[in-house]
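Just so it is clear, A, B, C and D label the chains in written order, and each chain counts residues from 1 on its own.
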Amino acid sequence: MKREKLKVGIVGLGRLGKEYAKNLMFKINNADLIAACSLVDEELRFAKEVLGVPYLFSSYTEMLQLPELEAIYVVSSTDQHADHMIMALESGKHVFSEKPLALDTEECYRVKSVVDDNPELTAVVGFVRRYDQSYLYAKRKVDAGDIGEPFMVRSQTVDKDSIADFQMNYVLKSGGIFHDFNVHDIDLARWFLNAEFTSVHAIGGAFKHKGFGDLGDADNVMTTCTFDNGSMAVINASRTGAHGHDTYTEVVGTEGTLRIGRPSYKNRVEIYDQYGARKECVATFWERFDEAFLLMAKDFIDCILDGRKPELSINDAIKATEVANAFTQSFRASKIVHL
Amino acid sequence: MKREKLKVGIVGLGRLGKEYAKNLMFKINNADLIAACSLVDEELRFAKEVLGVPYLFSSYTEMLQLPELEAIYVVSSTDQHADHMIMALESGKHVFSEKPLALDTEECYRVKSVVDDNPELTAVVGFVRRYDQSYLYAKRKVDAGDIGEPFMVRSQTVDKDSIADFQMNYVLKSGGIFHDFNVHDIDLARWFLNAEFTSVHAIGGAFKHKGFGDLGDADNVMTTCTFDNGSMAVINASRTGAHGHDTYTEVVGTEGTLRIGRPSYKNRVEIYDQYGARKECVATFWERFDEAFLLMAKDFIDCILDGRKPELSINDAIKATEVANAFTQSFRASKIVHL
Amino acid sequence: MKREKLKVGIVGLGRLGKEYAKNLMFKINNADLIAACSLVDEELRFAKEVLGVPYLFSSYTEMLQLPELEAIYVVSSTDQHADHMIMALESGKHVFSEKPLALDTEECYRVKSVVDDNPELTAVVGFVRRYDQSYLYAKRKVDAGDIGEPFMVRSQTVDKDSIADFQMNYVLKSGGIFHDFNVHDIDLARWFLNAEFTSVHAIGGAFKHKGFGDLGDADNVMTTCTFDNGSMAVINASRTGAHGHDTYTEVVGTEGTLRIGRPSYKNRVEIYDQYGARKECVATFWERFDEAFLLMAKDFIDCILDGRKPELSINDAIKATEVANAFTQSFRASKIVHL
Amino acid sequence: MKREKLKVGIVGLGRLGKEYAKNLMFKINNADLIAACSLVDEELRFAKEVLGVPYLFSSYTEMLQLPELEAIYVVSSTDQHADHMIMALESGKHVFSEKPLALDTEECYRVKSVVDDNPELTAVVGFVRRYDQSYLYAKRKVDAGDIGEPFMVRSQTVDKDSIADFQMNYVLKSGGIFHDFNVHDIDLARWFLNAEFTSVHAIGGAFKHKGFGDLGDADNVMTTCTFDNGSMAVINASRTGAHGHDTYTEVVGTEGTLRIGRPSYKNRVEIYDQYGARKECVATFWERFDEAFLLMAKDFIDCILDGRKPELSINDAIKATEVANAFTQSFRASKIVHL
């Protein structure tokens, strides 16, 4: 049955923000995207001309004063996620934020305190892979005991190599490869193993783009992890994938193994030519996860309209940041870090 | 930019009709499903209670009199498609019909004549595979010359075996295995080879469910075909797939081959257990093509709102029926049939 | 336990003959390759210098007079297989011949009559795919009922495109695409379906190398077939594979399907690079079947030493020729041919 | 050209020893297996009755006195490899030993000293994966620069779970999971990365068979490693594979990735049935590497007859033991170990 629509606003209309806004406007039938906020002219023009959003703002504070607004999607830059969540909650709006919650733990706890003070509001940080049909299917199989007791996760986030020099500085803003790439794998490991990290050990280097090394970061890393229930994981990240974006997770249990996303094929077409028998791979995380982004944005609205608690809690977001920090610390100090 | 919504009605709310209706109500933002027609109480109850469709009819003639209705989706039984299309057009409504247009050619030409008389109205018979992302991708590659000159198609439609005795009689209504299964493959062969059928030769049998043989039909068939540009095809259909619904098409060119949909995997999860390294397969055509059904229903509306001609013409639907008839005739007479 | 060695000779040391000779000399421990016959100097030099064969002949009649010779491998040109088999048998030697037995049926029956007159001698025409580990595994599964009742075979022989003009004439000698490529698929269909061909219908064309058309042959063909137990097959051949040699067979049964050799990957290496996720394919039938050729040559010797009947009878070779002739006749006359 | 045969003996005719002996007797045409030594009656009976080995010994010392013996294959238990190598060399025989050379480094250096004293003799410890066609093909591609600069290896040895209680004690003899499983992966990492290990960190546990934990061992482990050229590796071992023996290695370079052996399919047969689209996997390392074992045994003989140095040096064997010891130490102490 068609329901009332939730009135939503969005802050941040960069590459990913635009996709969120298009989903909200064109593909989610119980949302009404009535407001958008950005400091960038081109982004507001997009909201007006391509989407037809009625209320446009260059001030986030002002947007929050729009009384009919019920919920906010935060797709601003990483360093603003926490503040934008807090401000939305304090204005009485439900709030969804792109990952990660923040780069340091203190900021995380600042958000948590506001979330705890507003139990009637829904606050979610989006770990999109939990909404992917293949990950969900695997999770159900694991929970049903189909692979016995899961005791090992191998997970990776690999981006197609398309690094230009100007991007090196963006690295600093996004918190480096562990925060930018591995928060997803960290969240998945907790989810599949149903356990918390106890120690991590990260190694890696700037094997192709030496510039990352100069900035204290890396282009390829791997981290071994132990968990409080005795299980273990190895988590990889790479900025230098030759074949495409390659998100891949393996869950190993005592009676079987599930592998999700290998190879990261683009579609159901197989090509036979002078290069052999081959499948093209997805180029970007968006191409891989566009459907999951839609389902995630939709689920937030459904939760609010149905008065249902989302599966993801603010605690999941805090854990991801804490563990990504431990990865970073281990990598920099070349030692095992205990949590 | 959000546009005015097209006001649409639907006739037929069986298994597939329900899915069309849900798409129109929940997933297509520029359609307004305001009317539904069925002779079955349960189907009207579904339209009212699950979907909240405002106007409900048990008479198709009455529904067509609703003045604000602009377009009709025909998802009634195969033997009614032609009449329902004609009546819609004669009431001044755009019309989309599920395939096939009809089982005999005369009826096809009856529709064509009404379509020709109403050039301002859009009339489409839906061949859903043309809207599937993988088929579209393959088509673009073929048209771009990536496999040289295409000269052979191998295509099949295989349903998971779930035949019960009561279904045998449905066979008669749906026109038998060639009409019910192979119209899609016939359409794809024309599309990929850019050519028309010149001769066909069908063989087959009732290998598992002998009852089909008694009814003059089969559970597994294969047909070789020649085309007016010299190319060739082999088209299979099966009602007895053990592993799932298995729609598969191969296009062979002078410089390479594309294979679409093999294997018919369910998702990106691979399972390693006592049965080996395996991927589960989709169970139904809906599971395989749900996204394409949505895009197809959406494209019809976009064509009308944008004043654009749909790629599929009534001629494509007529050809599919003609060729499926030739398959049937060849199978029954054990001889080559020329078109 | 190590046994006495069988003393063997070989006639024909072309590309394939050399491989047979190397297997007999270096890899089969109960054979002693003591004699080789060829009209080509280079081939005899190879036998002497690379292999160290003690007795060399340019006359086949003379070689057959060597009293210690017990068995002959016939790897001469197709048009000599029958005569060379007959002469060997009449000299009291066991004889193995490369496929096909002959291009016309009369010649086949001439061999059969000599075979029947010499029941104490072993005479085999080699259909190498029956000795391939994957085909054997599939056959065992089919015979064990793992896929229920088999009722359909889809089989193809595809060669990597490497046609030069000079080869066009070789076509005439080898009997054309049906004899040269499809005798294997014909034999496999009989083997898997445990049935005899009753009718065939072949279509095809010279899609890439027009010259084949001028010679009455084709570069791509497909043939549908019916069998005396009601089952059916489609058999393809191609001279224009872009990705490699691609021998592939599918056996469909009422409870499951087996597919052998798809894709025709070269080895266990998978490559991820700018072309996607890919496996290289084998380039030639030898690369695909080298192990099977060894096992086949070995089995002939074991049969003789063990006094065991080979699985392949002269009848299998005759059937393959008869059916390939029917394919050719159907293709040329554009009609269904009954056997 | 057929050459003189090398006269060889074998010590140890257990499961693997029998396979070596059969290869030497039946498949390697320039070896003459004239002597076998074992303390087990059944093993000597096998040598006599199945193989027809002329000279049988229950004393290794006595066998070494056989003057015509030129080379020895050592397939005795792990704790005897070093002594049996030394004794062979001191008797003036070439010697090949199954891996590992020894479990402690001192013993390794004891062998090395004897090897160095006998430069005219060939002494090899067999790392069979270097002789596998797929590994060799990958190595050639890496060395040709096809994947740019290799900087990461991911490698695993997984055995099909078939552990019974009695095997727990064998664990102690074979040196535990790192020595028994990972020496191969250690050797491969050195080979592909062309570098030496600098630090290792192993984690793991007895997740399915708790008994291994009581013995100070594990059933699943993973080790991260750094190398002197800056590259890195993660190496896994498992005794609990559900789907089969699963040896798998991935080499990641700046321009591409090679994956060898995934999935560990049994043959070229794909099965479509109620379990989906699947390939059965090999059950044992022997099934996976039988051809490589043959090529390895053969290469040893060819090296001697041709006066050629084998690619594998005693140094490779020593490194493997040293690193496996570091893995074990790291696992037991839960710390990073530097080499």
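To be clear about the criterion, a contact is a pair of C-beta atoms (placed from the backbone, for glycine too) under 8 Å apart; a residue touches a chain by one contact, two chains touch by 3 or more.
Treat the numbers as computed from the prediction; the structure is a model and nothing was measured.
Undergrad: Of the pairs A-D and B-D, which shows more C-beta pairs in contact?
TA: A-D
Undergrad: With centres defined as the mean of C-alpha atoms, identify the chain lying farthest from subunit D.
TA: B
Undergrad: Could you please state the distance in Å, as a whole number, between where the Cα atoms of subunit A are centred and where those of subunit B are centred?
TA: Their C-alpha centroids are separated by 38 Å.
Undergrad: So the centre of each chain is just the mean of its C-alpha atoms; given that, what is the distance between subunit A and subunit D in Å?
TA: The mean C-alpha positions of subunit A and subunit D differ by 43 Å.
Undergrad: Cα centroid separation between subunit B and subunit D, in whole Å?
TA: Inter-chain centre distance comes to 57 Å.
Undergrad: Which subunit D residues reach two or more other chains?
TA: 147, 242-243, 255-257, 266, 271-274, in rising order.
Undergrad: If you look only at subunit C, which of its residues touch subunit B in the complex?
TA: Counting only subunit C, the residues touching subunit B are 147-149, 151-152, 201, 203-205, 207-208, 220, 222, 224, 226, 230-232, 234, 238, 240, 242-243, 252, 254-257, 334-336.
Undergrad: Over in the complex, which subunit D residues touch subunit C? Could you list them?
TA: Interface residues on the subunit D side: 1-2, 25-27, 29, 49-52, 133-134, 137-138, 141, 146-147, 255-262, 266-274.
Undergrad: What residues on subunit A touch subunit C, complex-wise?
TA: Against subunit C, the touching part of subunit A is residues 241-244, 246, 263-266, 271-281.
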